[in-house]
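Consider the two complexes below, in which chain A is the common component and chain B and chain C are the respective partners.
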Partner chain A sequence: MEKTAIDTNKLRGLHQYQWEIFLLVLFLAVNVVNSFLSPYYLTLDTFVSTPMNFLDKAFLVLPMTMIIILGNIDVSVGSIVALSSVLMAVSYNAGLPMPLAMVLALLVSTTCGFINGFLQIKFKELSATIITLSTMTVFRGIAYVILEDRSAGKFPSWFSFLAWGYIGKIPFILIVFVLAAIVFAVILHTTRFGRMIYAVGSNRTACEYSGIRTGRIILGVSMLAGLMAGFTSLFLTSRMGSTRPNVALNYELDAIAMTVLGGISTNGGKGRITGPLISIFLIGFLNYGLGLRNVSAQVILIILGTLLILSVLVQNFTDRQSAPSSKKISAPTHRSDAGDGLDIHEHSAQGG
Partner chain B sequence: MQSLVNMNTDNPSGNTNIRPQNPENGPNKRPAGLVSKLTRNSEAFRELGLLIFIIVLSAIFQIRNPNFLSIANIKDLLANTAILSILAVGMMMVIITRGIDLSIGSTMALSGMITSLTVSAHPDISPLLSLAQGMAIGLAAGLVIGVLVAYFKILPIIATLGLMNILRGMTYLISKGKWVSAYQMSAGFKNLSTGTTLGISNLILFAVIIYILYTYFINQTKTGRHIYAIGSSPDTAELIGIKRKRIVLLVYALMGLLAGLAGVLWVSKFASAQGDTAVGYEMNVIAAVVLGGVNVSGGRGKVSGILLGSILFGILANALPLINISPFWQQFIQGLVILAAIISNVLLQRRNDKLALKKRAI
Partner chain C sequence: MKKTFTVAALVLLALTLIIPSSVFAAEKPKFAIVFKNTGNPYGEKQLEGFRVGIEEQGFEAILRSPDLPTAEAQIQIIEQLIAQKVASICIVGNDYDALTPVLRKASSQGIKVFSLDSSVNPQARLTHVNQADSEKIGQTLIKAAYDMAGGKGEIAILSATSQASNQNIWIDFMKKELAKPEYKDLKLVKIAYGDDLRDKSVSETEGLLRSYPNLKVIIAPTTVGIAAAGKVLTDKGLKGKVFLTGLGLPSEMAEYINNGVCPYMFLWNPIDVGYLGSYVATALVNGKITGKVGDKFSAGRLGNYTITKAPDGGTEVLLGPPFKFDKSNIEEWKTVY
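== the complex of A and B ==
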């Protein structure tokens, strides 16, 4: 009995790493193909500077990982990016010093995240999906009310350093992103807060009954999502040099797709941050390569949508395969005679 | 008996949902009757509120702009609301089963684009054939989503988000980024939406036919009631032998079918098919459905509700430009209205549940 339990653990550990190895192999394949397409591709400089093209939205993936582990979905992040970007530009044009305008953008986005979280804990009957769907419309609606169909910009020249600047040979945005990723990895995998995210994602009701303040966890994660949307708005605005109410359209789709492709199960309670981190670069380099081949944005839409669905399909399939092992833990306590039958099942699962 | 009563406490309107036609059934006649009466009153109360709100809003708009309640404008308003209300029917079923469909805007664009391309290539094709073509395209899209959601257990929001992009991308690819304009469409095709039969706009007739069929389907047929049962309690529904997967598949397929139909009507109405046809229209539909009192946690919703919700939404869209509110306010107002609607739904439901408990305590 004990032996099989250990074997199962090993299997599950391997199985968890398998996904990340799979992503890494894909990532390598994408890069090999890319290097065939462009002779200038495979230099270290290109390799290091390519992430400047897609890292702005990668900040959304970090909190999205937490949200999906919680068992929720947040579709409002793109709108939060637009709103805080618009407010930053407008307040700067109205005379606010740029550093303060940037702080304002972060404050606004965190407040938006707070609103999302607050609504979720006040109205538990509503799913996060429907709440963020409506706040998505509200936030972008405010951006349209403020700026209508105009654009705003004329930022000071140093502002473009955020997206285009280098420190040594490494892009500034890459450094910031790596720092943010480390912070999120530490929060998610080593702190109490992080463990509670998994707990709430596995079984919210049980958490409530065992005295975990689930509301605080949800609020905290929502505010982190808001804050990161603020970071995205800073880098995105800096990259484009001006802003409009329709910026960051469909960013939520990209973020959700990257997270899910990274192996975070939409059933909640499972997954590690390493997967999404790899998939950010995988999708980013894939897009870049498709761009090199002059593939239109529409085809990229199709590819992204297909990837999203395929990765959930594979996730669900592997989830189902590992399901018997989780049942097994509870089985002996209820029916001692059921243990053997399940063991046989276990072995067959290993064989296959 | 005790356990039966307790079961009712968990889901006070469970009986109403599955069988509103004859609530006095089974051995627990008294409590069920009371509960359903209360729930019914509160639902009626909700619809009455919506109706009063529509009347008050209309009165305000009428004062601001005397043209608002003219026959011409009302006809215009109803014709403009027709497509929205047709889609609301499908979305209501989807939301009752605890799902959501974000792909309908893209489905409409694809179906509209393919049918109008066909019409421009074969101008003598019958408009009815175009309708069938659009509906078939929509049905195919809906079936894909339905299979993904029902049989592969993908969250509806993920599946439809993915399909939303795939279908939109396909629309651009098929059209090669070009538009199909009015001169490329046959008169018969354009007549589908803009024409009149017996003095009534075809669009309104389409909506009326669909509402009659749908009201019968959802209220009188076994399958229709099963949709509610699945939304109220998926596990229980499966335990009593309802084929849950099939019903969920059916719901998304019907949504796709209606979206395909709406796509043809949309393109025929505006006499132009574009890559970005109906972008974001799914939000309008969800808003109308939620406004109409369909509960986003599943299991609850009435046809009369979504009809009122669609009309209210149509009034907002029609009247805001009439009283000189900038179109840039529309999205914001729409978002606030959805938020207010879902929150008031929850508050009403809580009050309802509390009342039901109180009644039982006596």
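== the complex of A and C ==
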């Protein structure tokens, strides 16, 4: 299993990036349409500052990609953001120096992730969705107990640099996000840990019988998800300059949507991180462009929902076509996988 | 396949680059309002009032609401409005502090920013359009209780949460009003907190009725509380024995006004709040006012207004006395909001 996974990585051809290319074309189309529709779209300022609007939640997409490849879904990340943000604000207001409060936020969120992972290992019979659904309410519940209906903030002014600052012409958050994305891409696509994620997502039982400690993989991914939720809470809190228990509402759904649109199959075991990375910007710019046209929030939701349904349909369609005979949609390079017959991606996707 | 994609991508890229932004003609000034969230009938009326006011002055109105009632969703919309170079932004805040950074960014680019109905930090706004004068709300509600109780007896207040700032301001004014000699026979026995939750408001009302059997009037200055109290009084058949008044939504209160449990209640007209906001917006943009105390302007059909000091340290414009709803007009208003 491990060997085949390595081979898949090595033999990846350009054709495998079809979905990413499709997303890129869509992204360009969005930009063209947007600039046709709004005179304010194609300005340097817009292009540079737009990612600041959606990158805070984009940090959640990185671990969500791993979680969905594992065949799981985590709906608690938004609540983790809220809890660590609230605890950071409260501890800062109680006298903790701001840098330590930020570290505390990351510790809290990683601990929340640990709890998620631990419960998943201990209660194998429960699905990750159910477990994170419960922790979702618990985490946000604690945030509400701490702050009730109030907000907390009054952070030092340098803290706003995180979400509002630029280094040169580039937003600070964009730089941090690119670094984080590179780290996640390396982990997922070049390390043993990353290959294990695919293996567990393809067939957890088989992995266990082959001596892979699936629990560690799940725990590790859950903690990464917690850590990234901590990053989101830092940037989101900085952006707002204060916090309250209802921040980051539905962020988990946005993250899941971006991941799935990025071509990560909810069956687990397949997909690359490049897809979600493009779809973050695709959805972000689409949302922003529609907003510039003052399209109402409901219509924006409908458009994004339609896009998501279409993407899932298209993926499903190409999956089915490529599974039995791979020749139809792809160019010559495809023979390498087909010949190998390995493709845990295509053939054992149901295992997760 | 790959080729097709590449060609398509290149064509699109080329298109993006050749569209000159100059094809877009200069447009008339745009005035934006951002409400708390979509699907709120009260908010729709406010937006409508704003739109009518802006359009009758010959400008273009932009009405926006996020799909969730959160500050982060409003931040995104405000960023989009900044990019559109609107003349002013009128914000119905989802959070008092969290919008400060983005609103200051808007101000720094010359956009006139003020809040309406639900205020934001004075550091982030030029002024605030408030629904009704807090003192008048206090006076009006005590006068109503006095009339309903027949001049004497026990009254109680059913509020929202104990830390809601607007509720506490109103309650303070009610207490001040009660201290006047003409109300010496009215006795405020208890202030209960229903937390703006329906079930808690119901049980708090039941508690009031048990603890104070001689209670004459319940004043609920919150839309959730007054509707919950109306239900309890109706179910217990206390019509004519315990009266109810306060601030409520006509659509929710029509039943209790028609059955007599609540002879009349008050609220401001959200259409007028939005309409007043539209004139504040244009006055700020054309420099007639700057948002400081004493600035005067005229607001179309509503007449003349003066900017006053707000309790939070900033300035505000007050719409006027609260609007009275009773049997004679509730049928007309219950469909409005």
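Rule of thumb we're sticking to: the second predicted complex is superposed on the first by the 305 of 352 C-alpha atoms of A that agree within 3 Å, B and C clash if a C-alpha of one lies under 4 Å from a C-alpha of the other, contacts with A are read in each partner's own complex, and residues count from 1 in each chain.
Everything that follows uses one rule, which is that contacts are C-beta pairs under 8 Å (C-beta built on N, C-alpha and C of every residue); 3 or more make two chains touch, one makes a residue touch a chain.
Predicted, not measured: the structure shown is a model, and the values here were computed from it.
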Q.
Tell me the contact category for A:Ser296 with respect to chain B and chain C: first, second, both or neither.
A. both
Just checking: does A:Gly141 make contact with chain B only, chain C only, both, or neither of them? Give me first, second, both or neither. first
Contacts of A:Ala206 with chain B and chain C, given as first, second, both or neither: neither
In the overlaid three-chain picture, which partner chain does A:Val75 touch, first (chain B) or second (chain C), both, or neither? first
Request  = Examine A:Pro39 and indicate which partner it touches, taking first as chain B and second as chain C; both and neither are also allowed.
outcome  = second
- Item | First, second, both or neither for A:Asp149, with chain B first and chain C second | both
Across chain A, the partner (chain B or chain C) reaching more residues is C
Partner chain in contact with A:Val178 - chain B first, chain C second, else both or neither
neither
Chain A residues where the chain B and chain C footprints coincide 148-149, 250, 296, 298, 300-301
Chain B residues touching chain A in their complex are 100, 148, 152-155, 157-159, 161-166, 168-170, 172-173, 177, 275, 283, 286-287, 290, 296-297, 326, 328-336, 338-339, 342-343, 346, 349-350
Chain A contacts chain C in the complex at 14-15, 18, 21-22, 24-25, 28-29, 31-32, 35-36, 38-43, 45-46, 49-50, 52-54, 56, 148-151, 153, 160, 163-164, 236, 239-244, 246-250, 287-288, 291-292, 294, 296-298, 300-301, 329-331
Chain A partner, complex, touching residues on chain C are 1-2, 5-6, 8-9, 12-13, 15-16, 19, 21, 23-24, 37-39, 62-68, 70-73, 75-77, 79-80, 83-85, 95-102, 105, 161, 163-164
Within their complex, chain A touches chain B through residues 73, 75, 119, 123, 125-127, 129-131, 133-142, 144-145, 148-149, 250, 253, 256-257, 260, 266, 296, 298-302, 304-306, 308-309, 312-313, 316
